[in-house]
Amino acid sequence: MKARVAIRFRTGVLDPEARAIEKALANLGFTGVRGVSRTRIIELELEASDRDAAEAEVRRMSETLLANPVIETYSVTIAER
Amino acid sequence: MKARVAIRFRTGVLDPEARAIEKALANLGFTGVRGVSRTRIIELELEASDRDAAEAEVRRMSETLLANPVIETYSVTIAER
Amino acid sequence: MRAAVVTFPGSNCDRDLRVAMERVFARPVASLWHAETELPPLDLIGIPGGFSYGDYLRCGAIAARSPIMAEIARLARRGVAVLGICNGFQILTEAGLLPGALVRNLRLSFVCRPVRVTVVTASSPFTNAYRPGRELLLPVAHHDGNYVLEAEELARLEEEDRIAFRYLDNPNGSTADIAGVLGPGRNVLGMMPHPERACDPLHGGEDGIALFRSLLATLT
Amino acid sequence: MAIAEITPELVAEHGLTAEEYARIREILGRPPTLVELGIFSVMWSEHCSYKSSRLHLRKFPTEAPWVVCGPGENAGVVDIGDGRVAVFKMESHNHPSFIEPYQGAATGVGGILRDVFTMGARPVAVLDALRFGAPEHPRTRHLVAGVVAGIGGYGNCVGVPTVGGETGFHRAYDGNILVNAMCVGIAEKDRVFYARAAGVGNPVVYVGARTGRDGIHGATMASAEFSEDAEAKRPTVQVGDPFMEKLLIEACLELMAGDCIVAIQDMGAAGLTSSSFEMAARGGTGIELDLDAVPLREANMSAYEIMLSESQERMLMVIARGREEEARAVFEKWELDFAIVGRVTDTGRMVVRHRGEVVAEVPVAPVSGGSPVLDRPYRLPDPPVPFISDDQTVHLSPREVLLRLLSCPDLCSKRWIWEQYDHSVMADTVAGPGGDAAVIRVHGTDKGLALTIDCTPRYCRADPRTGGRQAVAEAYRNLVAVGARPLAITDCLNFGNPERPEIMGQLVGCIEGMAEACRALDFPVVSGNVSLYNETDARAILPTPEVGGLGLIADLAKRTDLAFDADGLLLVLIGEVTGWLGQSVFQREILGREEGAPPPVDLVLEKRHADFVTAQIAAGRVRACHDLSDGGLAVAMAEMCLASGRGGRLSVPAEAPSLFGWLYGEDQARYLLAVAPEHLRALLEEATAAGVIAREVGVTGGCALIIDGQPPISLEELRRCHEGWLPAWMDG
């Protein structure tokens, strides 16, 4: 089964890279760009009996390793195939 | 208008980080995880007269700044709102 | 004083830390390979700087979840002193032994330079040989030293006097200029500056020596 | 054996000439297979075979009693006493860095580190020489940012300090930047490893990263002139993994502590091909390779791709038979791939098998050492006439000139760059970037290695021979200035297309000049690298023979640096002053001209002055020392003031040839010393006795730099000018 974890900074945590992108875009003449935010996606394949089992497993992966709950939130999507 | 750029490595480009994640998951007991891959998502808001104009603009941003065309490919989605 | 320094794949300040400790402690310091899970009796564990596991995913994330860290966490709860420097600090926050997290420097680039820091609290086994308020010159060398934590956590750290060091010229954007913090039991210290690179008049000055002297005096 | 159709187009695409192809057919006695064609193409590329330069490189002196191993191995080796050796080399990664600055520069550092630890040395320092296009060029800023981040990203992660280098800007590099990296390591003298395959039946072992389709044909790319379609060559960039490199260093050094390695060689340009051929050629043996055993990153790679891949962080070793498991255990501990991919034979032939077929079978010697040695026609430029300047044409005050020079791209502080490099990891950096030479303590001793990289390309263009001499002389001076005894150099010769006689003339002239200086100064060449075809659409770079010098400081307590540690010290200028402004930074930045002859390099004077300064340092009379180079006396003085946080006064003697010549002329063989007043007499007397021109030119103290007759320049203003330009421009 294929799964996809989307990880982003919690609101309130300043993302210096997003700010830098915004600034760099402005310097390059792309004016009027606002609200830049970044999300990291990790896709993986796993063996699981069904979607729910897969989702539970990927949630555990996210909580134990993939995301840092102090600064990040995550969401999981399972794409059967 | 809101836009979303998804950036990933071209096929064949070494992604040591993805491999490290796969290995770390295995060490943590998540066996059977394969094919880990990563995508960076950048979301932003811009002013544009219509979807096509927005898309063209975001493509230019991607080519000049957001993606590294030598080793990455990108795709753009415009979500009107 | 029974001290050891952990080596993870990708650690690169392990030797430096051991050399500095041995110089001040005047006795051998053990090396612990990350795969070891049964540790000898110890008074002090050093987690060195470097790029453990390439710092892939997040700095310190993979090392923090390695088996040896579970053991170190257990020892830390029992009062063993744990000193995490640079990547070691990142590992300790990722392992939940210290609050907050370390993210990319505000200016985004790696920064290597001597910085001025002040000693905020002298009440810890790491800092009791310093006078509070003393200004030190210590090298930093990191890409992800921007310490972030929530307002309540910050208030708690301040209330419990757990901020060990503050930058005078903040090189990375850290919240409240924090350069080093203590764990709740005051026996765990994480700091971005490198005291082990400041124990030698020929290299980096000598302002880091008192940190190791504090440990020597307290732990033996 | 599958015989692909080898068309003339295919041969040309592989960068081989018709004559070379005829030679290949003669060697094989038949047409080559595609794999064989690929092998010849990379092995006979300029990059691997040095075919245009080999004839002239022989002119370098390469021996001295302290040289343990000169050119020909992965890196040069010199004795530093106490049973230890320093192992060092410099290499270019110019083309890849232009295409993808971060990865190109990063993998350049990775490659040079491997050249050094391959020989059993622990890398202890990296230096980098960078040449970018004009700051106004639209790509320059992006290239600077990427290259600097890439060098830092790799070196910092591996944990080897980057302690020095050079950075210059000139429009001649707009389309071809230079990224040269130098690495220095330390080994036990009796535990140096060489790359000579030996012992029939011994297994050939592959360790490190898996093989992917990275940089296939990188070696031929590095030998071909760029054109506007460089973009199309993009997929050939390699991506580095410094974490893997760190593991490789530790694993290799751990295994090298034992005795099961017979030979070891990193897989650099042309990957498995060049590493296997070089090991076999040096050992006079043959090798059988089984490509099915090579760890692959991607499925379905062809034999051609596997042989030519330039995936990074890979090594090839010959292990003593029966010791395979011992070696495997070490690599498994470090979680690295380990595979037996072949064995050593006595046939003198390379036999490559893939999927049950022999895909290549070629004699080793003619491929490895048999590439054509070319005697390309060359033309030396006419000797330039000296430039005569007239102070009246300058409408700026000496003070304004100084501030201009200190903030120009070439002379401004490069702090913005080197603060992104970890220069203090390993805790043995005694002097990091910012001085004449970096100083690294030999771990656990009171000795130090002094390291520098130098070249003045504008001198080389005006007069290659003088430029070649000057590059070596400046490196020598920079080592002497920190109290070191210069031992040897490595070099990286960056030039344009050698098929053009005037470019070939630059190469030959520079080599001959360097060789003369090396001989006169007893400063041999022990390793190096040549990078040709640095041109885009027939516009060549400035001839840039970078010289990496290494010296030894016997007692670190006796080293010097450029900071004066007290007020009231007397400044003594060593060397002759003619006020030479031809090809000076002053001429370019203030007069807007780049012309005339560069300052002559008198090697006898260089040696005499260096010996004198060395003796004065040894006698404990020198409180600060700086060599004079770009920008001359006033710039050197300003740099000393900035380094010490103290001001000083610089006098302009009545007999000065011209005011600007005195202050900004670039006469060679000069040093500026700070001396306590009580030592002045002895120093001057010894100078006279030694036939050295030495004169008092100023005094330290205060918080401003004062040039006689000019309003003072505060240290803050000096600092603002010196430190301001680069960060402001990068913020752009």
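In this document, chain identifiers A, B, C and D correspond to the written order of the chains, with residue numbering beginning at 1 in each.
Definition applied: a contact is a pair of C-beta atoms (placed from the backbone, for glycine too) under 8 Å apart; a residue touches a chain by one contact, two chains touch by 3 or more.
Treat the numbers as computed from the prediction; the structure is a model and nothing was measured.
Compared on C-beta pairs in contact, B-C and A-C come out with A-C as the pair having more. Remark: chain C and chain D have CA centroids separated by 36 Å (rounded to whole angstrom).
The distance from the centre of chain A to the centre of chain C, with each centre set as the mean of the Cα atoms, comes to 29 Å.
Chain A and chain D have centres, each the mean of its CA atoms, that are 42 Å apart.
Counting only residues that touch two or more partner chains, chain A has 64-66.
Residue positions of chain D with contacts to 2 or more other chains are 241, 243-244, 335. Residue positions of chain C touching 2 or more other chains: 53-54, 56-57, 61-62, 65. Checking each pair of chains for touch leaves A-B, A-C, B-C, B-D, C-D.
Those residues of chain B whose C-beta lies close enough to touch chain A in the complex are 6, 21-22, 24-25, 28, 30, 32-47, 57, 60-61, 64-66. Remark: chain D residues 99-100, 102-103, 209, 212-214, 234-235, 237, 239, 241, 243-244, 297-298, 311-312, 335 touch chain B in the complex.
Interface residues of chain B, counted against chain C in their complex, comprise 16-17, 20-21, 24, 27-28.
Contact residues on chain C toward chain D in their complex (touch as defined above): 9-10, 12-13, 15-16, 19-20, 49-51, 53-56, 109-113, 139, 141, 143, 194, 196-197, 200, 202-204. Within the complex formed with chain B, the residues of chain C that make contact are 53-54, 56-57, 61-62, 65-66.
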